[in-house]
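Each of the next two complexes has chain A plus one more chain, namely chain B in the first and chain C in the second.
Moving on, here comes the complex of A and B:
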């Protein structure tokens, strides 16, 4: 068999045939004998005291096995634990977050009781028979109002402010005093809903004989979920098995430990029956975490030539009613990335986290970095507009120079590698930027409004060094050479759409010289796979793939010892070349990895002192984050009569270091752009003043249909990192981070002749139409 | 997403459906394509005790053109309307609307009768069928009656159908110069504003115009002021058409939602009315 390089090839995803032919197993496909079904009774109020709960009618229903309230769990059963929040903030206020509400509800959709019945239908019917009486309390949903004073979401705290974090670097006062221009803008980064196709789904079973709890859950983090279940339920961790089968989209929303996961597990233990709960879309809108929701007040100081000298920033972040797993961490990431790919040194900032009567915000694709990229990329455009400079030139002027890497930023991160200018130039050429600007000018004369938006982003991912993470940041991989030559890979990351069953097999195929169909990649089951941290923060390949590379190194070293013993050679004289073992520089005699594996299995002809078997488990502790970057260019036309936006063209040149599979990387970029573009144009979670959710269905909350997204023209540059042995960076979130500002900048650029400087997202037709009622000028502003 | 329990019966004919409606009383609902009723049941906004499935009744399906008259069975699916060459030539407005409604799944199940009987204030056909001045045939125990579109659509989710009647067919005169244009809600893809226009033209000038608008008020309505103003306007004169379409929703109480305010909806009525007229005037 001729050796062909797999890494770098556009191999089709091996997981897709089962996914697209309906042969995959999602949580709802898990069928177990005797399964019963849960339904939750949820708060219809944004804020209320629970005055009474009458479960008698539901309990009297012959289809019902059990009904439990918060009171039952807390008092009768002593399940007092609060849901976890991972953070390293000394002054964070952490009010209790019980799995079923006790006395008070603080957000619409908060779970008040659980009903278990013999079918999903009877469970839902019985849930309607639980009579809960409430005394509605004043609610607060506006972040700034909540920060200012009562009503309080948690009365006992006497404040809605969960934390404040001041920050200063350089000499911002001097930068502002000496500035030629100062641009000030309040930018609202609106609340959005993750909307995975598969909502939260779980089935728990308790094997009383083995005293083992098994929880199948649509989660991104089976091991962390197991650990937290052990703590909350007070069970030995080795008696819990968490399984993430196929997961239908996570986007960070399944990087969590949800009340429902705890309650359903606990109920399964009480009933000793499998208990299944698949939430409805309406529940998903209410009770799955939301993303973004920040108010970013910024002031940016610049010189007349476009050099940016300083930033003042106040980030007011809506936490929602309770902390979920990473709620307070998200806005701190915004601060860390506040200066994007630019080199200014003077920053004064404050982050304020605020409780409101809304669903918790948490990590949603990009988690804190999209917010930073959004305001800094908007700010650059505003500086360009004010100074009548080309936005591309202002970016060029302020980029961190290639010679400056690794570059330590004012916020204390060390950017690993970058080449921002080359990537931008490639995107400008791909888009024919000069031609576009000419066309824009011509069309404006005809009363047509073309807009061109740039976004030159950098983001922090490959989460991350354990010291810088709220919990462990490493990950793990095991490789086993099976006696008959196939290879089993167990990865601690828990991919759910990112394609590592393919990309990890590509890496192993090249390094260990085995056809890809001999390699199987297993993940997502805590009883099969060694502890791993999971998939989020674009870490799967940058951390989990790096651990895999370490395991390959260990396998190769041992296989070389085995070959050396057979050949009576010195191991130091042997090498792996094209996936096989040979004497250095001499391909005439080779040994394959499976051959070495078979010898290791037989065990009767091994070098003295060498253990039999050919397998390895390794862990990679990343010494730093990685910092992928790129340039996105969006071209829109805004209809002056209606304000409707047509996305005419979209170009993205991304750099995530070495590419293992350009097709899969491109797929991540496609999905990312769709989500980021959608935030710019369509999405917004809206609560009314009493905390009622006004956008609780897909009839009101817009996620794009196929015809609402453009064709994407993609390219890339390759600037490897030295942070991991593969030279790769993450690409899972880059598309989302890069696209939102590109689209918003394009729309606002289209409206420049109307004197528009900024409009908050979503850039709905009505807002644009209203702005276009002004008399257009030749394009010069203010 | 999980409806309350209900019984299901299948009607074999219109008479059978009427008999079943009488038998089961007010708790019964007819089921055609199910694409409005079942979503409401899943959200528990509707909880009929009995569904009477009329989808299998053969006589109610199909498009017939005879002379100048177009007759459409109430169970004709959106997809059939969207694929009909007869309709493209004879009733461009309905053809446009059927092609721009929902997605393939919705078009393959939903029916023109259901879409009319539901009375949704953001649905497309109520505007189209008013601009076409369609006649609705309603069949009940005591026989049939015919209603003009303007009398059929009464208000939000409200039509002239009696609880024990079946809408059996919809008919109208051919309107070769007709069109429908729509401003889609980005989430539901229903009409934020939808305008149907049917014109008669002679020598490039508009003779008579019928313009109906959906999405704005509690129910679709005829823009009579616009209709009058369009008379005699040169159809290719965009500025004149726009001027005639000003104030298209005057006097109508417009709705607001998280996507579009009442005043914006009202302003868009003018814009989309002009576009509908321009499209209706262009040959297909």
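Moving on, here comes the complex of A and C:
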């Protein structure tokens, strides 16, 4: 960019005044006259036949407007469609996923009936009055047991295996035959819950006169949601308006199309009244998608010098009872990233997706890539431990060299750029790695167990080329220069905390030379904004911002034509410089973008053939993913008496290319680290054998408090990408991807004197304490 | 039941069910939607308000229990014309992302500084243990509370949103990386 005043500046976010003063409008804050309230009757069983439903008591309640069951929807009202799953897998088993259960429930919390009443309290009262009789069926929650045979989640399939995907590259058999050492490990990547602090929230209204359905929903994908509603409800898409107002966190869990969104919309059409449904946190734990839940069986072949020559991998992924929007895609992303930032040529792998009587897994911050980074970073440490090498040296030995970019991986990705050694060296220096190792030695002699964990990650994001996505991968932007000079930006992405109202305005302010307070960035309303794909997969700025840059280019080119006509000059002799139009190299006479916009509005003095108005809508189709990378170093001390982990220090050096607002990018890294660290140490969704959820509230499921996370020390390197015109890579998921293995490696490193090679997450004190009952050896490695 | 309470300095008389939670009374009867609800187990703190000046989780208080008492919600802590130093500090330090936890977090932090005007980072972290944030990793929240404490101890005047809203820096000399846009003490040395 020619001029950078705002881009690169740590300006305060422009969305914040409404948020800090309590004046923002989240879905639950939407007030519409005549609103009625929904409550769902949900399955108390993991797997059961519904033998009868008696709604008469609820219907007799004077506060109740309506009660509907699956039967009502499917038979009386002919709403037979199944919830969507977006995939391009030829042999995927896709059992029907009805919006209200029909005859059978397959997961605890599955919606069985909806009750609508005149207040949220009366709706819940009435939901209690719906009497559902069940015959409990045998449930299966263990992924490997489910893969092996009955009971079946979907009896008609005759299997619980949703798909298998074999993969092979290079010559893995030869690599293993010629290996000096082979490290084998089974790694469980436990199920976690996303827990945005705002639960799922929606309010639907139907304007019978206009025949228009409006759904406010806490979603990351208003346009995709609209498309899917049109399909499932059988409505014309131009009669549906989806609005994502302020959204209180998503982390992938709001990148979905939920049964409740469909049912609430449908009920609003029946009643012709606004229907609001705000789930409780307990419902959220049951019925919002979960993340991870993979078993990764790993074999690594290595030479004595630490060179890794082969990888054998079996990914067994728990899909849950049904597919949600991207359920089967997530474990395939794990395979795609199985080599991390290393030059692994010989890979043999198999991915198996398995149905169980649990909530669907789907995209949770990182979606498949954290699982890959976790096992590969653990594997590198295990190789180092076995060969008595420093884990940093083993990483260095196996990195894809700077000279090798663009680098095509064994799984077929092309990494356009990278510089893994520089970020690692910067992180090692920042952490004083050599000093830390010395300190570790000293403390071990005193019976204190310091652990140092590295993670050198690369991730694939900026989702993504349309050809590589289950649905469209592009995104869009519109810029309008309004007659009085203010600028309206409409973005197809749907931020919910990522700050694009600020960062996009920063870009436009610089490029079009207007004060930032004259720029308004609008998102999240399908009746205002052109079709956009949404915010997920660290794509908001990498794809949506790139579309914005294209729109800026179009505006500038047209403004230059307008100025040239005014000045009787040749457009080729003019340029944008510092946000204004001037004759090349001559700043004595300038025209601002708003001035050009005003002339374009007046329309009476434009070059022949040029349309009036100064606006542009552009779409960016990414030619490739982007590949941010970095090194995280975690330092922990594990108390031998209690197994308690103290995170002493945390360092992260990330590379997401150019930074539009370093303060916002840093915030994304902080939050990501906290989530990834929390998976390593605290979080775990647990079902019992009958499919009862044992971690169903915030009392039973641990997300960290301020005291449980450390201070993070950040730095970055800048390796721009050529994949998009801004040179930027996504940063939304990097922290989560980098942190989990760094923390786990640190804890396991602390326990190395006890002969520990691997412990599955979450690394809770009781597990660590048990492992520390062995007699410690004095050396730093076993 | 008839209840009378003072909310953000104004008298309010409401006719409520005995089981109505204060959080719902504030949100649904008084339209003060800045108080958020994030859980059903008193765990998240999104609903925090001041009851007679002391922080409470309004999802854990019945509206009838607030009768005869004074409630301060985020809307009463400050507004666009006159931000509370805590609100300003959350803004300047990037102590929020999605904003859902933020209103309750700010109210809790205001309460914390009333009890301890100059807390250490550890005391801030411990003092906010009743409030969950899933977005920020708490780093910038701690920084914000520290900055607000400093501002309040030095008796700094309140600012309005307009005074603080970033506008285009002077064209002639683009400042390196936003110097002068955010107070120096809030700039991270590294990001």
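Here is the rule we go by: the second predicted complex is superposed on the first by the 774 of 782 C-alpha atoms of A that agree within 3 Å, B and C clash if a C-alpha of one lies under 4 Å from a C-alpha of the other, contacts with A are read in each partner's own complex, and residues count from 1 in each chain.
Here, a contact is a pair of C-beta atoms (placed from the backbone, for glycine too) under 8 Å apart; a residue touches a chain by one contact, two chains touch by 3 or more.
Fair warning: this is a prediction, and the values are worked out from it, not measured in the lab.
Trainee: After lining up the shared chain so the two structures overlap, which partner does A:682 touch, if you call chain B first and chain C second: first, second, both or neither?
Mentor: After superposing on A, A:682 lies in contact with chain B but is clear of chain C.
Trainee: With the two complexes superposed on chain A, say which partner A:699 touches: chain B (first), chain C (second), both, or neither.
Mentor: Both: A:699 reaches chain B and chain C.
Trainee: Looking at chain A, which partner touches more of its residues: chain C or chain B?
Mentor: The partner making contact with more of chain A's residues is C.
Trainee: Thinking of the overlay built on chain A, is A:33 touched by chain B (first), by chain C (second), by both, or by neither?
Mentor: Neither partner.
Trainee: Which partner does A:124 reach: the first (chain B), the second (chain C), both, or neither?
Mentor: Touch partner of A:124: chain B, not chain C.
Trainee: Kindly classify A:281 by the partners it touches after superposition: chain B alone (first), chain C alone (second), both, or neither?
Mentor: Both: A:281 reaches chain B and chain C.
Trainee: Now for A:641: first (chain B), second (chain C), both, or neither, which partner does it touch?
Mentor: So A:641 only meets chain B here.
Trainee: Show me the chain A residues, by the header's touch rule, that chain B contacts in one structure and chain C contacts in the other.
Mentor: Shared contact residues on chain A: 120-121, 280-282, 697-699, 703, 705.
Trainee: For chain A, which residues count as touching chain C in their complex?
Mentor: 3-6, 8-26, 28-29, 31, 120-121, 195-199, 246-251, 278, 280-282, 496-499, 509, 514-517, 578-579, 659, 662-668, 670-675, 697-699, 703, 705-707, 709, 711-716, 735
Trainee: Over in the complex, which chain C residues touch chain A? Could you list them?
Mentor: 17, 19-20, 24, 27, 31-41, 43-44, 46, 73-75, 77-80, 83, 87, 90-92, 94, 96-103, 106, 121-122, 124-126, 128-129, 131-142, 161, 164-169, 171, 174-175, 177-178, 181-182, 187-188, 190-191
Trainee: Can you name the residues of chain B that touch chain A in the complex?
Mentor: Spelled out, the residues of chain B in touch with chain A are 1-2, 4-5, 43, 103, 183, 185-190, 257-261, 264, 267-268, 271-272.
Trainee: Tell me, which parts of chain A touch chain B in their complex?
Mentor: 120-121, 124-125, 280-282, 641-642, 644, 681-682, 684, 686, 694-695, 697-705, 708, 764-766, 769-770
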